[in-house]
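Look at the two complexes coming up: chain A is in both, with chain B in one and chain C in the other.
== the complex of A and B ==
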C-alpha cells in the first residue's frame, strides 16, 4: 500500500512513533558533546549528563565513577526504552523491533564462544554481553565444542536458528572459524531482515532497504579489509558478502579479488555514495575508515526521521543511541586516561 | 523610598518598582551573604556566566560535593523505606551543623551502613544456601528412599520368579540381566541441586540434548518460594537429581548447571550420614538466624538515628546546593578577591537587603563590607506583585494568561470582584451558593493543616483557589437572592409578593393572570413569577439586558485601563488615536443600546429595541414611530452613527503616519544631536538610547498591524457584546436544570407517597445536584467567566509580555524538588 500509510499507520504505530521521536529529541547535541569534551574528570561528565535524559540513571552512582559504569547505565537506559517500546508494539512492528536485536545476539554468541575457547569465566563473559542480545540459554553456549553442537544444543531455540543452515560443520571451533561464523550469520541476518522489510512494503521498505544496503556494503568492505593477508580464499570471501546492497553483484566481484587497501579503494570509488567517504581518506589509510563510515551512517539515520509513517525511525533511533553510547564511552575513556587530545578522534556528532 | 507599611492599597494595580543592582561581595563573606539573601527571598540573580558550562564554573566542586551528599541521603532514604521507616517530620533541629562536618558524618554513616548491609547479605547468603541444602537433602533422600523401596519390590518379584523356577513363561533375558555379576555393573554418578522452576523445562531439554539422552533426571517441586542465595529474590524452585555415567558427561552437566544458575549441593547415599547432615544444617541455620536478627536490629537502630536527622540534613544539603548554584552565577573578579553579582530587587527592599548584607559581613568577620550599587538599564525589569494568600489566586488567574509587562495596569485588581461576580451571574442560586460556601470554608478553616501537607492534584487545585471559590459562593448567594432561587424554589423572604389573584377563588389565575395588589417586591425577582407561563420571557428579557449592561460596562473599563496605561507610559499617541476613537465607537453603538435599556426600564416603555438598533443602521432617517423612547432620539441616533463611522478611519490612519513622522524626526534630530551629545558627558547612556532606537522602521508592517487591530476592535465590539450573552444563557441553563431536578425528581418522588421511592428520589436528587449543578456547572461557569476576563476584558488593554520576578529564596526550595 505504498503512499497510503498515512491513513492507517497511526492506528497501531502512531503512539510508538511519537514515543520514539520524543526519545530522539533527547539525543545529545553537538553543544553537549563540546561541553563533554572539555570535561576534566568522569565526575564532570556525570554532572553534565545529569542535565540530560541520562540523569536519572546516573544520579545514584557513588562518586569514583568508572567508564564501565557510565556505559552500563547509558545502555540500561536504551534497554529500558527498547523494552517499553517492545511491550507496546503490535505486529508487525514487534517483529521489526526484535529483528533489530538479532545483530547483538550474534555478537553475544560469538563473544561467549570465543571467550570459552580462551577459557574465560562464563559469568565474566555474560557481564560483557550486550543486554539487548540476551536470550534465555545463552550461558549454555559454553558447553558446546563445535558448530554442530552449538546449533543443536542452544541456538535451535533462538531466532538465530535459521541463519545457521550455512555454517553447520563438525569442525572444532577456532578463532578463524568463529569469525567466519559471525560473518555468515550476519549475512544471513541482514538478508532476512532485508526480505522482511521488503515484505512490509511502503516507506518502511524504501528507507530500510537503503539503511540495510549501507550496512551490508560496509560489512563487505570491512570483511575485505580484514581478510587481506589471511588464508581465506577468494571464494570463501565472496560467500560472506550479503546478496543485496549497492555493491551487489559487480562490486562484490571486485572486492573479492582485492589484495590491498588501495584496490578496495579503487573498487569502491566507482560508487558515487562511497566516493565521498573514501575521498576523505589519504591513500593507504584504513584507520579512519570506521569513523568515516560511522559518520555517513549517522547522516543517513538522521535522514530517516525526515519521513513519517514508517518503521525505519525505530531502527534509526536504536542505532543513533548506540552510536551515542559509543561516543560517551570514547569520551569517558579519553578523560579517564588523560588522553584529552584524542577525544575528537572517534566521536561522531549526531546533530 | 517607601517602607512596607506605607504601601497603599492600590499597589496591586502596578507591579513593584524594581531596580537592577550590582553587589560586589568579598569572597570570604560571599557564602554568608547569599545564604542571608536566600532567607530574605527578595533578590533575583542574573546569570553572569551563561556562556560557561556547569563544570567550568567556580564552585563546581562544591556542587559536586552537594550532589554526592544528596546521593548519600537518597541511599539512606531507600534503606529506610526498605526497613519500613519514614523520616520524622519534626526532627531535632540543631543549627550548628556545617557542611564539612555533615559531609564527613554522611560518609561515615554510609560506610557503616554499606558494611552492615554487606555483612547481612553475606550471612543471608549462607543462610539461604543452607536452607537450599537442607531442602535438597530432604527431597533427594526421598527420591532415593522411594527408589530403594521400588527396587526392593522389584527384587522380591524377581526372586519370586526365580523361586518359581521352571515356569516356562519367565523370560530368559530378564533372568540373565538380573544375574550379571556386580563387577560389570557401571557405577552411576549423580549430581543434585536446586533450580528455578521456570528454567527447569529448558534445563531438562538442554541436558537431554547435550548428553544425547544418556542421563536420568528426577525433579521434585518445592512447596512455597525459596530465596535464591545469589540474587536474594524469592522464586519457585525444583530440586533435581541427575544420574549419569562417565566423567565427560559429568563435566557437561556441571557446566550446564552453572549456565542455568542451578545451585549444586553434594549429597550422600548413606542414610545415616544424611540424618547427620540434616541435623548439622538445621543447627547452623538456627545459629545464623539469631546472628542475622541481631544484625537487623542493629541496622534498624542506625537507620532510626538517621531518620531523626534526615529532614534537617536533606534541607541543609538542598540549601547549600542552591547557594553554590547562585554563587556560580556571579562573576569573579580578576583579583579573585571579590565576586560581582547582578540582579533585580524591588525598590522597597533596598534597606532590607543592605541590612542583611551588613549582617553577613559582620557574621563572616570580613574586613570589607559589600558594596550595593544601583545600575541604570534599558532592560525591562521583572514583574513582581506583592500578593497575600487572598489575592494570590486571583493574580494566578491573570498570570495564566500572561505575566504583566513591567508596571502595566494589572487586571488582577478588578478580577478580585468582577470574576466572582460574573461567575455568580451564571450561577445564581443561593442554595447552591451556600453549599459552595460550606465546602470552601472547610478548606479555609483547615488552612493551616492543609498547607503543610501534600495534597492530591485536584485537591491541591481546589485548595489553591479556596478564596476564589469563597468569593464566588458569596456572590452566588447574592445573585441567587436577586433571582429568588433556592434549588429553584422561590421564597418570599423580603416581603409578601406584590401580585395576587383577581378574586378570592383564584379561578382565572392561570388564564387571565394576576394583578398587582401590593407595593413592588423590594429586592430581586418577585416569587410569584416562578412557575407562571410568562416566567421565561420575563426572565430572559431581564437577564439578556442585564448581560449587555454588564458587558458594556466591563469593556468600557478595559478601554479606560488602556488610557491609564498610555498615560503611565506617556504615550500621547495611544490616548488620542486609540483610546478616544475606541471609546467613541463602542459607546455610540453599544453604550447607546445600554442607555436605551435603562430608559426602557425606567419609563416602562414598550419600544422594540431590536428594531431601533437594526433600523438605526439600515435607515437612520426614517421615523421611529411607536419605538421612540425620548424626543430628539432620531437626531441623536444620526449623530452617534456618524461618530461611529468617523472613529473607524480615525483608529486606522493617523497612528501609523504619526509614528512614521516621529521616526523621521528622530532620525533627522539624531544627526544634529550627535554633536551635542559629544559635548555632554552622558555619552555612555546615549549609546544605549541610540542602539535601541535604531530598529528598522517598516511603515507597511506597522500599517498592516494597525489595520488588523482596527478590524479586530470593530468586529470585536459586536462579537464581544454578543459574547456577554453567555451570562444569560448559562444562568438560564442553570435555573432550568435545577428546576428539572426539583420538579421531575424530588416532587415526582414525593407524589408517590411511598417512603422508599421518596428516599430513592432524594438520593437521585442529591447526586444530580452535587454532580451536575455543583461540580459541572461550577466548572463551566468558571470557564466562561475566565473567558470573559481573558478575551473580552483583558483583550482591550492587557499586553502580558512581561516575565515574573523569581527571587532566590529558600522557601521555594522544598517545593521545587518534589
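== the complex of A and C ==
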C-alpha cells in the first residue's frame, strides 16, 4: 500500500537497496571527468581509472589499449554488479531486475539475425553481444529464415515471447523487416515494463512511470528523426510509438507527419518539459539533441535516489552506469583520435 | 656585300633571340604548371586529412548515439555483391583516374572528377559533386536531369547504410558523406599527382636539354 513501504520494504529489499546506494557512490564525479578529459593517451585513461571502481577490471589489460577494450571491461563491471544483485533478489524485485535487461536481449536478437543475414560467423556475433542480454538458446537464432521461425524455434521460451505477437509474419527477414521488428519488440517491452511497475504500485510505480514515460517519448523523437527521408511510411512510423508517455496520443499524431527537424521541434515545444531541451538547440540543428536528452535523463535518474523504499533506484543505477560507460567511450575516442577539443560535445556529468 | 651580310646576321640573331624567348616562356609555363599542381596537391592533402578526421569523429558520435552494438564491424555485409563504387584508370601519357559512384544496383554510375578544359576530350565531361547537392553542369555522356539522379543516389546511400539498420542516426549519414567526400578527394589527389609528375618531367627535359 502506498505510503507504508517503510514498514516492509527492508525485509526483502533493504540489503540490496543499501548495496545499490553504495555502488552509486562509486560513480565518476566531475573531477574524475576533468582528469580524464586531459589525458593524452588511452594508457593515461587506464591509469586514471585505476583509482576508481574500474581499476581491477582494467589493470591487467596490456598496452596498447583500444577504445572497445575500455568499454568492454567497464561493461563487465556493471554485469558483475547486476548479477550479484539478481542472485540476492527475491520476488518481485528479481522480476524487476530482469526487466531491466530485456532491452539488451532485443538488441542481441537483432544483432544475431542481422549478422546472419549478412553471412557473418555466429561465434563472431556472439562475442559482440551485450552480456546482460544473453540467454541460453541465442545461438539458435542463426537458423531462422523468417519471424515465424524465429519465434517458434527460439524465442517462444524466452521472456521476449509475449512481445512477438504484434510482429509475427512469414515474410523473409530483410533490413526493413528487422528494423520494424526491433522497434515493435522494444515498444511492447516498454509497455509491458510500464504495466508491471503500475502493478507494483507505491513509490516504485510513481518514479518508474516518470522514467519510462521519458524513455518512450525520447524513443518517439529518435524514431521520427531517424526515419526522415527513409521509406518508412507515416502509418508505420506511428505504429512504432509506445502507447504511453507525455506525448501520447496528440504529440505522436504531430510527430508522425514531421518531415524535418524543425517540424519535430514545433511539435515538441508544446510540452514544457521538452521545451527546455529544444531551447538549447539552434534551428535546423540536431547534433546536440542526444546530449540534451541524456542530460535530462540523468537529472531524472539522480532524483530517483532522493526517495527510499522503491525499486526505481536499481533502474536508475543501471542507467547511470550505462551513461558513464558512454562517457568513457566518448572520451576514449576523442583521445585516440586526437580530438580533445570535442570531448565536451557528448560527455554528460552525473554529479 | 658587307651590308647584306650584316643584315642577314642581324636577322638570324633576331630569330635566335625569338626562339630563345619562346623556349624561356615555355619553360616558365612548365615550371608554373608544376608549381600550381604541387600547390593544389598539398591543398588537397590537407583537405583529405580534415575530411577523414571529421568522418571518424562523426562515426564515433554515431556509435555514441546509436550504441556500439548497432554500429559495429560485425554487421558489415559479407554476402557477395557488386561494389557500390569503382575506379576507372586511363593509363595514357598522363594517367587519369575517374571515380564511378553508386552503381551497385545497376543504375548508371555517376562519373566524378575534375572539370578542366585541359582534360583530354575523350574523357566524359564530369562534374564536381558537393555533399548532398548536384552541381549544375550535366555530363555529356550521362545527360540526365539533376533531380532524376538525386533519388537513386540517396537510395544507394541508404542501401549502404542499411547494414546498420534502416533507421539510423543523422550522425551516421553525416559520417557517410564525409567519407564519400574523402574518397572523391583521394581521386583528385591521384589526378593532381599524375599532373605534377608529368609537369616535372617536362621541366626536367627542358633543363636537361638546355644543359646540353
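The rule is simple: the second predicted complex is superposed on the first by the 351 of 351 C-alpha atoms of A that agree within 3 Å, B and C clash if a C-alpha of one lies under 4 Å from a C-alpha of the other, contacts with A are read in each partner's own complex, and residues count from 1 in each chain.
Basically, a residue touches a chain if its C-beta (ideal position, glycine included) is under 8 Å from a C-beta of that chain, and two chains touch if they have at least 3 such contacts.
This one's a predicted model, so the numbers in the text were calculated from it and none came from an experiment.
Novice: Applying the document's definition of touch, where does A:152 land relative to chain B and chain C: first, second, both, or neither?
Specialist: first
Novice: For A:233 in the superposed arrangement: first (chain B), second (chain C), both or neither?
Specialist: A:233 sits against neither chain B nor chain C.
Novice: So which one touches more of the residues on chain A, chain B or chain C?
Specialist: Ranking chain B and chain C by residues of chain A touched puts C first.
Novice: With both complexes superposed on chain A, which partner does A:122 reach: first (chain B), second (chain C), both or neither?
Specialist: Only chain B; A:122 stays clear of chain C.
Novice: Is A:47 touching anything from chain B or chain C once the two structures are fitted on A? First, second, both or neither.
Specialist: Touch status of A:47: first partner only.
Novice: Could you tell me if A:38 is touching chain B, chain C, both of them or neither one (first, second, both, neither)?
Specialist: Only chain B; A:38 stays clear of chain C.
Novice: With both complexes overlaid on chain A, does A:60 touch chain B (first), chain C (second), both or neither?
Specialist: Touch partner of A:60: chain B, not chain C.
Novice: Check whether A:139 is in contact with chain B, with chain C, with both or with neither, and answer first, second, both or neither.
Specialist: In the superposed model, A:139 contacts chain B only, not chain C.
Novice: Could you pull out which residues of chain A sit against chain B in one structure and against chain C in the other?
Specialist: No residue sits in both footprints.
Novice: For the complex, give me every residue of chain A touching chain B.
Specialist: 35, 38-40, 43-44, 47-48, 50-51, 59-63, 122, 136-137, 139-143, 149, 152-154, 157
Novice: Tell me, which parts of chain B touch chain A in their complex?
Specialist: Touch list, chain B to chain A: 53-56, 60, 63-64, 67-68, 71, 74-75, 199, 202, 206, 209-210, 252, 255-256, 258-261.
Novice: Can you tell me which positions in chain A touch chain C when the two form their complex?
Specialist: 68, 71, 107-108, 110-111, 114-115, 118-120, 124-125, 128-130, 175-176, 178-179, 182-183, 222-223, 225-227, 229-232, 286-287, 290, 326, 329-330, 333-334, 337, 339, 342, 345-346
Novice: In their shared complex, at which residues does chain C touch chain A?
Specialist: Within the complex, chain C contacts chain A at residues 53, 56-57, 60-61, 63-65, 67-70, 72, 74-79, 154, 158, 162-163, 165-171.
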